[in-house]
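Please read the structure below before turning to the comments.
Chain naming follows the written order as A, B, C, D, E and F, and within any one chain the residues start at number 1.
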Amino acid sequence: MKPINQLRIQDEFVGFYLLKELNLRQTSGTPPKDYFDIVLSDATGQISAKYWDVTIQDKETFFPMQLVKIQGTVQSYRDQPQVKISRIRRATDDDGVSITDYVKAAPLRPVDLLHTIKLAIKSIAHEEIRMIVTYCADKVEDKLMHYPAAKSYHHAYFAGLAYHIVRMLEIGDFICKQRPFLNPDLIKAGIILHDIAKPEEMIAQMGIVTDYSNQGKLIGHIALASGWIVEAAIHHGISLDSELVLGLQHLVLSHHNLGEWGSPVQPQTAEAVALHYIDMMDAKLQMVEDALDTTAPSEPWTPMIRGLENKALYRLKIEEESVRSGNEKETIAPPSG
Amino acid sequence: MKPINQLRIQDEFVGFYLLKELNLRQTSGTPPKDYFDIVLSDATGQISAKYWDVTIQDKETFFPMQLVKIQGTVQSYRDQPQVKISRIRRATDDDGVSITDYVKAAPLRPVDLLHTIKLAIKSIAHEEIRMIVTYCADKVEDKLMHYPAAKSYHHAYFAGLAYHIVRMLEIGDFICKQRPFLNPDLIKAGIILHDIAKPEEMIAQMGIVTDYSNQGKLIGHIALASGWIVEAAIHHGISLDSELVLGLQHLVLSHHNLGEWGSPVQPQTAEAVALHYIDMMDAKLQMVEDALDTTAPSEPWTPMIRGLENKALYRLKIEEESVRSGNEKETIAPPSG
Amino acid sequence: MKPINQLRIQDEFVGFYLLKELNLRQTSGTPPKDYFDIVLSDATGQISAKYWDVTIQDKETFFPMQLVKIQGTVQSYRDQPQVKISRIRRATDDDGVSITDYVKAAPLRPVDLLHTIKLAIKSIAHEEIRMIVTYCADKVEDKLMHYPAAKSYHHAYFAGLAYHIVRMLEIGDFICKQRPFLNPDLIKAGIILHDIAKPEEMIAQMGIVTDYSNQGKLIGHIALASGWIVEAAIHHGISLDSELVLGLQHLVLSHHNLGEWGSPVQPQTAEAVALHYIDMMDAKLQMVEDALDTTAPSEPWTPMIRGLENKALYRLKIEEESVRSGNEKETIAPPSG
Amino acid sequence: MKPINQLRIQDEFVGFYLLKELNLRQTSGTPPKDYFDIVLSDATGQISAKYWDVTIQDKETFFPMQLVKIQGTVQSYRDQPQVKISRIRRATDDDGVSITDYVKAAPLRPVDLLHTIKLAIKSIAHEEIRMIVTYCADKVEDKLMHYPAAKSYHHAYFAGLAYHIVRMLEIGDFICKQRPFLNPDLIKAGIILHDIAKPEEMIAQMGIVTDYSNQGKLIGHIALASGWIVEAAIHHGISLDSELVLGLQHLVLSHHNLGEWGSPVQPQTAEAVALHYIDMMDAKLQMVEDALDTTAPSEPWTPMIRGLENKALYRLKIEEESVRSGNEKETIAPPSG
Amino acid sequence: MKPINQLRIQDEFVGFYLLKELNLRQTSGTPPKDYFDIVLSDATGQISAKYWDVTIQDKETFFPMQLVKIQGTVQSYRDQPQVKISRIRRATDDDGVSITDYVKAAPLRPVDLLHTIKLAIKSIAHEEIRMIVTYCADKVEDKLMHYPAAKSYHHAYFAGLAYHIVRMLEIGDFICKQRPFLNPDLIKAGIILHDIAKPEEMIAQMGIVTDYSNQGKLIGHIALASGWIVEAAIHHGISLDSELVLGLQHLVLSHHNLGEWGSPVQPQTAEAVALHYIDMMDAKLQMVEDALDTTAPSEPWTPMIRGLENKALYRLKIEEESVRSGNEKETIAPPSG
Amino acid sequence: MKPINQLRIQDEFVGFYLLKELNLRQTSGTPPKDYFDIVLSDATGQISAKYWDVTIQDKETFFPMQLVKIQGTVQSYRDQPQVKISRIRRATDDDGVSITDYVKAAPLRPVDLLHTIKLAIKSIAHEEIRMIVTYCADKVEDKLMHYPAAKSYHHAYFAGLAYHIVRMLEIGDFICKQRPFLNPDLIKAGIILHDIAKPEEMIAQMGIVTDYSNQGKLIGHIALASGWIVEAAIHHGISLDSELVLGLQHLVLSHHNLGEWGSPVQPQTAEAVALHYIDMMDAKLQMVEDALDTTAPSEPWTPMIRGLENKALYRLKIEEESVRSGNEKETIAPPSG
């Protein structure tokens, strides 16, 4: 079964794919006929597809985010490959395929990511900090198994949020060793809490954000997470005026650094400054890595990336070249005589 | 007893004033002597003053924000009036003077302002909204009797915050009648809650802000008030996911309108849009009124006002002039012939 | 006859509608045929339509902004309703329909709006101010009967400008009572004059702006109105250097508050500050009201609104919910023991 | 008689100078004594000065902007030269000195500048344009003899405005020849009118702006000049809706290019674009020339210049150096062998 | 043979044109057929075209930027003219047509432009400056014969860069005469060097930029040219620390004036300030001239121009009108009596 | 010998200190007397000092940046401690003190920092990259022993630049292991080259920047370093068009990320993105660490830090508090009953 990024024009193929998008349309003929306008996807990419001559039964059978078995041909439409589907049926339990194999996902298993996050929480020495972090993480434990970190900005895939947290924990661990004045408990807590309300802000299925929630639009994940810390403190009888509640709320509230990026206060503790740059370091380099991964190796330039000042990335070809020997025309000598 | 804004150079006077600022300094002579560098104030203004030859006992007697009885002379120093204090003593209970008479204050009595605010709360029809507003207002009831609304931006005086709320309630009442699609309960709640955590954000005495609190700097009054709504809802068993908690948090979080002005989300309900403009209307016009009030009537221009695009205000003299009769030189006629 | 916002797919209907847009197009067939691409509108909304097989006579009969009688069927095209017109004719006098019934209009009759504006002018106590305001308002009296206040930003409908003025006069009246230091004559004059040159800036028909005039693009309504005040003063022999001409020009020139919003000077009189916020209060809340009105009540979110920081508005559902009783899972208790 | 920029510490001197600033102060001794804190100036620069032991008669004799005869010594105060005045008297007619010799002035005589401007007006071929320009220029003819072009930004000296206009006319003349599609009448008119209301905006004496007028603050020179064009057109019976009035108002209104720089509309005619850049070219290069002129030739860097992105200017020393012969250490050769 | 800007719907024509764009597409029929989607251009403009029934041989014959002979008919498609090509063949040497006649080009011949630039270089008096300028100009001499100055911003046509340099040299010559403190050698050098690396930054054919080069994207023409000056100095044994190398690098690095416009340093020499405004004056007025030239004379407004604050330009009609005689209704008289 | 940060008012002391600043002033008495206005410093901080009755010989003996032996008394002046110097002499070789002990310095020895940097260069696998980095580093090897990384922004002390490079190399090493797609040679090269021209941009003595050089102001360290790469490539006969020269120049040119921060191009390779965030991470956390170190441990807040959004930093006191047990008043319970 061919992965989508290997389908070429004129290929005929059979295989299981995800109905990432599915819309019912009508042809412009007389009388107009129903057809499905489809986006098929698997873990390697996506491709547009058409299924003509849709029946009434088809309309009640197929929906977005289902796994289906397809028989089709790859055609060319406006210079782009497009699948003409000749046969389609829903996947069944007997097919032995799992939807998680068909979505772009973090490179580590969710269960392992969650395990790492839990170990990090357990390693927080300060009891009250650990209790608050645990309370908040428990609220979204299920969603951490699959939520992305953002709609499209970065880590926009299955378990992307958990993966973002885990990589940040690695950076946090390094930076606490390099700069011992940082409090490792606060760094760990800040990393785990900073985006913890994202699953409440977004509505996602299989790592794909379809919309923001009302809470997400009207409160936002930053104020939501700050409220969860209040909740957790009340639940555990920890004073809301204590330095630790103050410090944790500050970490969450300030982690976007500037008001125009959504933070009502700016970083004013050592750990809050560190948290912002740990977050930036991981998010930006993940954008870079993902852009390079999803661009064909033969392409020197990736598409433009909104989170990187809307610039494309160039693959330098350092190794292949021989730049010194006998490249006479570039050698510049002072004039003789 | 002369109010400060009527003291003129060479006046000799006796009276009660507030020690708004008091600093111990040394003269540059040999040996240096201690003296007090003082700012005296009353409800009409302030003036700088010196008290020479400070004794050890004086140092233990006089502190900022005390009421004192002064005998002094107004001299001129660098073209500015300055009081040379010849005698000074602390005011006693027998003097029958009250500190509240010596600070700039809202034009209505705090007790009346608070009464108006409580009536407004009582008039909120929706029970849960009323319960949450009551819970939050109760937290700062004492401070509402005297706190200013800001350090210097607007309503920066005794009970300025309560006065700001009361005037906004008047505007809110009008606007709800003019535009019946607005929910009066939410408008009232928004007005009372929007700055309710200001007394927690600032440290103030007699209406004068001396600093921001740690909570104020690291969390800010907007996220603090949002957290109080969470607290109140938990206390009263109101679901945190309910539309009313969502709506109230949104009102508070969005009332500064833009991220760069401190709001992590922008107004996205009818009442949130209204609240922002009710707040602006009252704050800006109060700046105007206060600037005109504290500028001598003979001055056509006030000082520059930071909150009004850093512009000064001009007093138009519309009534005094006669602009039409016989003002020949301004009459412009088409050329004859 | 069905209003447009009640037409549903597969409806067959007959009725009078406005040809808001009408373009002649050709089909892609061989040979291509002419057809009309149409937008029908009435006071409740608009819908796209097609009229196939256009004759030479049709081309000379139908033009935009005409009232027509239509017989048609509602079909679905790209998931959107679209009318297929089977018969069409121009409305005649005998039909007893008026174009003003088919455009979105202010909720009050133009004649009543104009009457209110004239009463407000008459109530200006200061003779010269009243003369100048009258002179300027007379210039556009006819257009005040139907001009919108803006192309799309706010009050973009029949008599929208007059409606905007009238609602602002209500706010101005309230605020002058609340803050007696404001000069009511200047507030009224500022409200009436601030957008008085808008009809010269825009080209509009039936409340729909089709373009900006050359004067509008090269001078703008702010400098135009300032010039009208000069004209009026010359006409009435009022000194151009008088405080009242200065004050009126300043109100008009500064009412957009900032240079980047089109004001060459910033508000520097009490009334100029008030005018800007009265304008904002009315314009923003009208955007809110119009967005909610034109969004189906079943939709929780309106479309995005450019004038409100490009945000959509959410309809809170406060009344319907029961948020306290027995909502056990949300109740948070301190840990027992 | 020594010019100010040649006075050195320990010089004793006698001469005529301008009292650019004069303030009465008191010493800090007991009893305090009156003294004058003075800024002396002439066409070459300025220097601070003190006159001790001021008499009652002195206070009634000396005022700012007078010419005086001084006998004094140059001392050093805080590393800066400062004049100690031993004798002072007002200049009389018999002294044969003229205040115009003691202020920084444009390098051409005002009468010649005005003559050039009048010739330019006379050369405008289009009668109505010429009439309007004449009308506006006549309003400020007297002030053109001495007004600066700005308070400090550029051309801030005696007759600076007329000089700015004359140099711009030279540039305008060149650019109309280089690009014949530009209308020379409009270019000349735009140059003469663009800052024509500056003398109404500012209050200046001897080329030194002491303040902005009320008209200047509340209307600004841009809207003022636009109003003068309206006046002129009415006076001469030229239609306010004509293209030429539109074109002239647009030139004036748009010449600051952007809203945040004070222009309510942006340049939208060929001549308006040209006018903005002619203005910039002349204003910026004059700032450069003046900064270099008033900085001692031995200084490689001028002070920072606000109008040039707040940067200082460097004097390159191109001619003096010998940069090639035998400068072995800088010669970079490819590695041998 | 008709120029493109004179082709009208229903014209049948034969002629030579440039294949500015050519894309192979498929019809939506069954089976789909190949056709060419084409943009034809000549020196007067461009038009879209279709060539149906493309053969295999056609696909190997026709490519973008070729000259072809066309027989076609002008049809109307979506209200726009579109050519239906009936016959097409490549132009041959015997046809006597030259591609340079078919592209928009500077109004002077490249060979003359280059000659003028070389004369300017020769006239640089300072030997080392002349050597460096010569070295850099030689690097792109061939490309100066045809490269545009920008992709679309300004001078975006055949030899546009050379034309931009030549016109700037004219302005530079004038301004050096008007302000003798400017060093003419540096002005000439700055003008020639400021955009000298543009041909390395962009990939262009026949004056049409198709893309930016890797060097252009990753280094940019400003840092590239600064590096060329380093190269030239090394080549000629001129000290890299000399004032002249410093001055030349500064001219190039600062000529965009602000960091956000691409200059890592701001102008800080007299000549650098002058260079920026000479560049602006020429670029902006060329945008104006080109926009007016390519807009039909009957159109009062040009399209919007990105480089001119995204504004369109208006053609004033000053000459045609008679604005004074008997235009009674506009004459404003003071009230009589 | 007491370190400066332990001097208290009324201390009498003898010791060696650095004359960080020294200015000759005159007293205001008659006749005025010369005195030295001094700032003394050592590695722990600085303090102001006065030395009265300066002799002619003193003026020729003492200069800034000298080590001196002082006998003095700490007095109080305007509430600040100030040293009155009674005896002063220059330190001699026999005193056995080294200036490097008296300046704030990086926590590692310069010789060790340089050794680490050299090892990093040696570890670059790609020969040409290593050659270019070596060439550039050799240019400033001496200065790397003591130059700061900036005037005041961050690492503003002795060998601060080398320390900045070494800590960044640690981060770079970590991040290359965490994200193997990054090229370690380019990361190392980018880290060493990014600020390599800073010593040419600034004039510093003992880690204290006194000014920027002409090169620094007119070219800037970013374009300077880019030019050095050109030089190095020419020197080693490496093609200027090669991918590696392109990649290295791009790293240097883009490392400030945005045009307004001084980068003429934005990061567009994976390593350039990484370099910017490695730089930010180190610079910002060093600002944090230095601010906390130089603020007395008893102070909860540091001064404001310009590089951290102009915010102060707060020291959270997490460990000391007991926040849960019996803090009854903060425990919030749902209402009973």
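As a working rule, a residue touches a chain if its C-beta (ideal position, glycine included) is under 8 Å from a C-beta of that chain, and two chains touch if they have at least 3 such contacts.
These numbers come from a predicted model, not from an experiment.
For the pairs B-C and B-F, the count of C-beta pairs in contact is higher at B-C.
Of all residue numbers used at the contact between chain A and chain C, under half are used by both chains, marking a mostly different-residue interface. With angles rounded to a multiple of 5, the C-alpha fit of chain B against chain D returns 120 degrees of rotation.
Between C-E and the choices A-B, B-C or B-D, the pair with more than half the same contact pairs by residue number is B-D. Measuring from the averaged C-alpha position of chain A to that of chain E gives a distance of 43 Å. Mean C-alpha position of chain A lies 38 Å from that of chain F. The centroid of the Cα atoms in chain E and the matching centroid in chain F are 47 Å apart.
In chain F, the residues that touch at least two other chains are 214, 217-218, 231, 234, 236-237, 240-241, 246-247, 258, 268-269, 312, 314, 331-334.
Against chain E, the residues of chain F that register as touching in their complex are 214-215, 217-220, 222-223, 226-227, 230-231, 234, 240-241, 246-247, 249-250, 253-254, 258-265, 268-269. For chain C in complex with chain E, the residues that touch the partner chain are 23-26, 214, 217-218, 231, 234-237. Taken in their complex, chain A has these residues touching chain E: 76-79, 300, 312, 314, 332-335. Across the complex, chain E meets chain D through its residues 126, 128-129, 167, 170-171, 174-175, 178-179, 181, 183, 185-186, 234, 236-247, 257-258, 266-271, 273-274, 277-278, 280-281, 284-285, 288-289, 292, 308-309, 311-319, 321, 323-324, 327, 330-332.
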